[in-house]
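Presented below are the structures under discussion, each in the form of structure tokens.
Across the two complexes that follow, subunit A remains constant while its partner is subunit B and subsequently subunit C.
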Partner chain A sequence: MNFKALTAIALVAGLSAPLAMAGGADDDNMVINGDTDMTTKAAAAAHLDGALDEVISGWHFRSDETQQLQLDDFDNPGMIFVDKAMDTWNAAEGTEGKACADCHDDPADSMAGVRATYPKWNEAAGEVRTLQMQVNDCRVNQMGAEAWKYDAGTAVDMEAMISVQSRGMPMNVAIDGGAADTWAKGKELYYTRTGQLELSCANCHEDNYGNYIRADHLSQGQTNGFPAYRLKNAKLNGVHSRFKGCVRDTRAETYSPGSAEFIALELYVASRGNGLAVEGPSVRN
Partner chain B sequence: MRLTIITAALVLAAGMSAAETVLPADVAYGEDGAVEMSLTGKAGDAAEGAIIMSSKGRGNCISCHAVTALNDAPFHGEVGPMLDGIGDVRSEAEIRGIVADAKMTFEESLMPSFYKTTGYIRPGNAYTGKAPTEELAPLLSAQDIEDVVAFLLTLKDS
Partner chain C sequence: MASGVKPRVKVPKKAAAGDAITIKTLISHKMESGQRKDGDGNIIPRSIINRFTCDFNGQNVIDVTLEAAISTNPYIEFESLVPEAGEFKFTWYDDDGDVYDTTKKIAIG
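And now, the complex of A and B:
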């Protein structure tokens, strides 16, 4: 059945007031700081054949006011946390007395392109690593410092600072080789209908993007904009925390940030965004 | 199961008011997913049904469906079809079946099963994200379902 058509009929019939009518992604263009053109719509990767033709940034589903905040770094409240992470980057910590900068110098050079390829298979470790896992590996094994708690402020702020160095580059996450098994596991999770409401990620973000569910305008649930500054909680939010919220909303027992399940899901969802520009930190309601 | 229903039917037929509530596992769905018999034997309250459909903490039906008669409650969704005139299009039994468990009528439906307590993957304790500590209750009670059905039957264009 075509519900958009039904909605259209309702409109013609003269329905008004509290109905949240909108339909689909808007046609605005994203240019950051007046100079960086961002790819916010792209042809879907081959592995999405039959699922999606086009992938669309979550930015297109937000209000004009919210969208605006992401267009200039002076307006983007997420940039304050990026600055904070820059200080952390330069601060020595741990038993080795080293800072990130001691090994990686200027992140504008060393971290350019990094965010676009994560999560990523690590051959030596024999595991798929998210960016936060990789940062923690450096902290523990190179600096002799403690691992940051998953999706906690410091970890997410650092992820945002590293993301900025790839802003505008297309997401390009590998799904083959060592990553293939984890990717398949993530895909299965994406299509599993969980909780007492029995809803899967796909039910909302593949079958119904562009539609309103109560007051929420559903996007494709892409991760290219993460970490995301949310007006709702006034801080940067990690991908796994977002997943957790979505799963909770199906009246399900959630997985934890940093769990094997969410690592696999992050890989899979990130791969659905291949071709979209890295946007982090994005601004969302 | 069947027996309970038959008993309830007999009780009803005998004109007794204190009919037994049909439990979620005992609801008799027809081949097309319709449920002929009232789940409580008590007439539904349409006004209460309207409240249930609009309330976030209860049916929250308007998160997916637009209903002109419920326009006092803000933000109607677009995930399901709009329900104006449903009382003309569908019988009481069909509507009861859809509200109790839409998957019996529409295979793989996106619509949650409101009168069901088993068969879930990783069910949680409401919206806490934690595992349930007690047996799951259905999303709506038997009387809630009857109230919603009564309300939907009032949605007639003619």
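And now, the complex of A and C:
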């Protein structure tokens, strides 16, 4: 909607190729439940110098109908899974007989702001951890329960429930310190062409966002909206599963959800979205 | 009982007498159509919500028959007149005989 106006603005601002084409991001405003203003466009982080000037939520690239589903928690089908995870949060599991709630009480307090900083360097473990890895660490070491399979339904639902507590807060992933090596690895993966089609993440999501790839409107591939409820499979989808789908579409052998490669890529892509509001669970097609 | 079934309803807390209000309902349910086969080629039996009703102070507002082609987590939105303060009762009927219900009060003002 209204891409002509945006194109005009882009031209006035003197921006070149990627923005000055048909079908870019629209200029709607996202206000959730009529009271939470969401930052869906932000100035790009310093490390994106030369790559992107502005980072834009994937929400702007979806149709009005899909966008509207995200504006009200009752209409957002992803919230069903958040409810489910809330039950899991309060249910005792494992040999210690503890529930998440026993240590962390109300997630509205204990989990506020958490999603915005993940993936995150864990000094004690000496590794970058995604939110799901951290939850599993808690499950195994604190609860004596089994780790959830990466990106399995229960794990993604829990991730969404934790994300909701940070909704509206700007993504703020640290890329320095211990995380620097993993971040560099993720960056390399982002720009590495894969598969028979020889496409890198950047070919679509940096060079051609706003354009159409057949019927699909390419976004910047931001992760601030994950876990995302997708209309195509009527469930919440984790970031790694989405990466896998994308890599598969380049006709390559993919990495597995939870693999070191996807953890690095998640960190890098999350850092590209620094400044955008946490949306999870978002609604996408 | 089908797993993970949870009814959700959104009704305004109050309305003017005689107003038409919008009611939104959503129930999480897998709505297995009965058309799909499992990994071994056996048909997965149909398991859907087959009926939904809404009553206001005992008077029926809407009575819906749902069929197999309706997607997972059926969402039903409709309008109702509110002649007086009272209570909406929402009922979903599952193929396996289970009945899920929830109620919402509405005030006049």
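Keep this in mind: the second predicted complex is superposed on the first by the 263 of 285 C-alpha atoms of A that agree within 3 Å, B and C clash if a C-alpha of one lies under 4 Å from a C-alpha of the other, contacts with A are read in each partner's own complex, and residues count from 1 in each chain.
In the analysis below, a residue touches a chain if its C-beta (ideal position, glycine included) is under 8 Å from a C-beta of that chain, and two chains touch if they have at least 3 such contacts.
Just so we're clear, the structure is a prediction, and the values are computed from it rather than from any experiment.
Peer 1: Which chain, subunit B or subunit C, ends up touching more residues of subunit A in the combined arrangement?
Peer 2: Per-residue touch count on subunit A favours B.
Peer 1: Let me test your reading of the model: by the given contact rule, A:D83 touches which partner, first (subunit B), second (subunit C), both or neither?
Peer 2: Only subunit C; A:D83 stays clear of subunit B.
Peer 1: Considering only touches as defined above, state whether A:A234 meets subunit B (first), subunit C (second), both or neither.
Peer 2: In the superposed model, A:A234 contacts subunit C only, not subunit B.
Peer 1: Considering only touches as defined above, state whether A:Y191 meets subunit B (first), subunit C (second), both or neither.
Peer 2: neither
Peer 1: For A:I213, using the defined touch cut-off, is the partner it touches subunit B, subunit C, both, or neither? Pick first, second, both or neither.
Peer 2: It touches subunit B, and subunit C stays clear.
Peer 1: Using the superposition described at the top, list the residues of subunit A that contact subunit B and also contact subunit C.
Peer 2: Touching subunit B in the first complex and subunit C in the second, no residue of subunit A appears in both lists.
Peer 1: Residue numbers of subunit A touching subunit B in their complex, please.
Peer 2: Within the complex, subunit A contacts subunit B at residues 1, 3-4, 6-7, 10, 15, 17-21, 23, 192-199, 203, 207-208, 211-215, 244, 247-254.
Peer 1: Would you tell me which residues of subunit C are touching subunit A in their complex?
Peer 2: 4, 6, 8, 10, 24, 26, 28, 71-73, 75
Peer 1: Give the list of subunit A residues in touch with subunit C in this complex.
Peer 2: Per the touch definition, subunit A meets subunit C at residues 74-75, 77, 80, 83-84, 234.
Peer 1: Show which residues of subunit B lie in contact with subunit A when the two form their complex.
Peer 2: 56, 60, 62-64, 66, 68, 71-82, 84, 110, 112-113, 120-132, 136, 139
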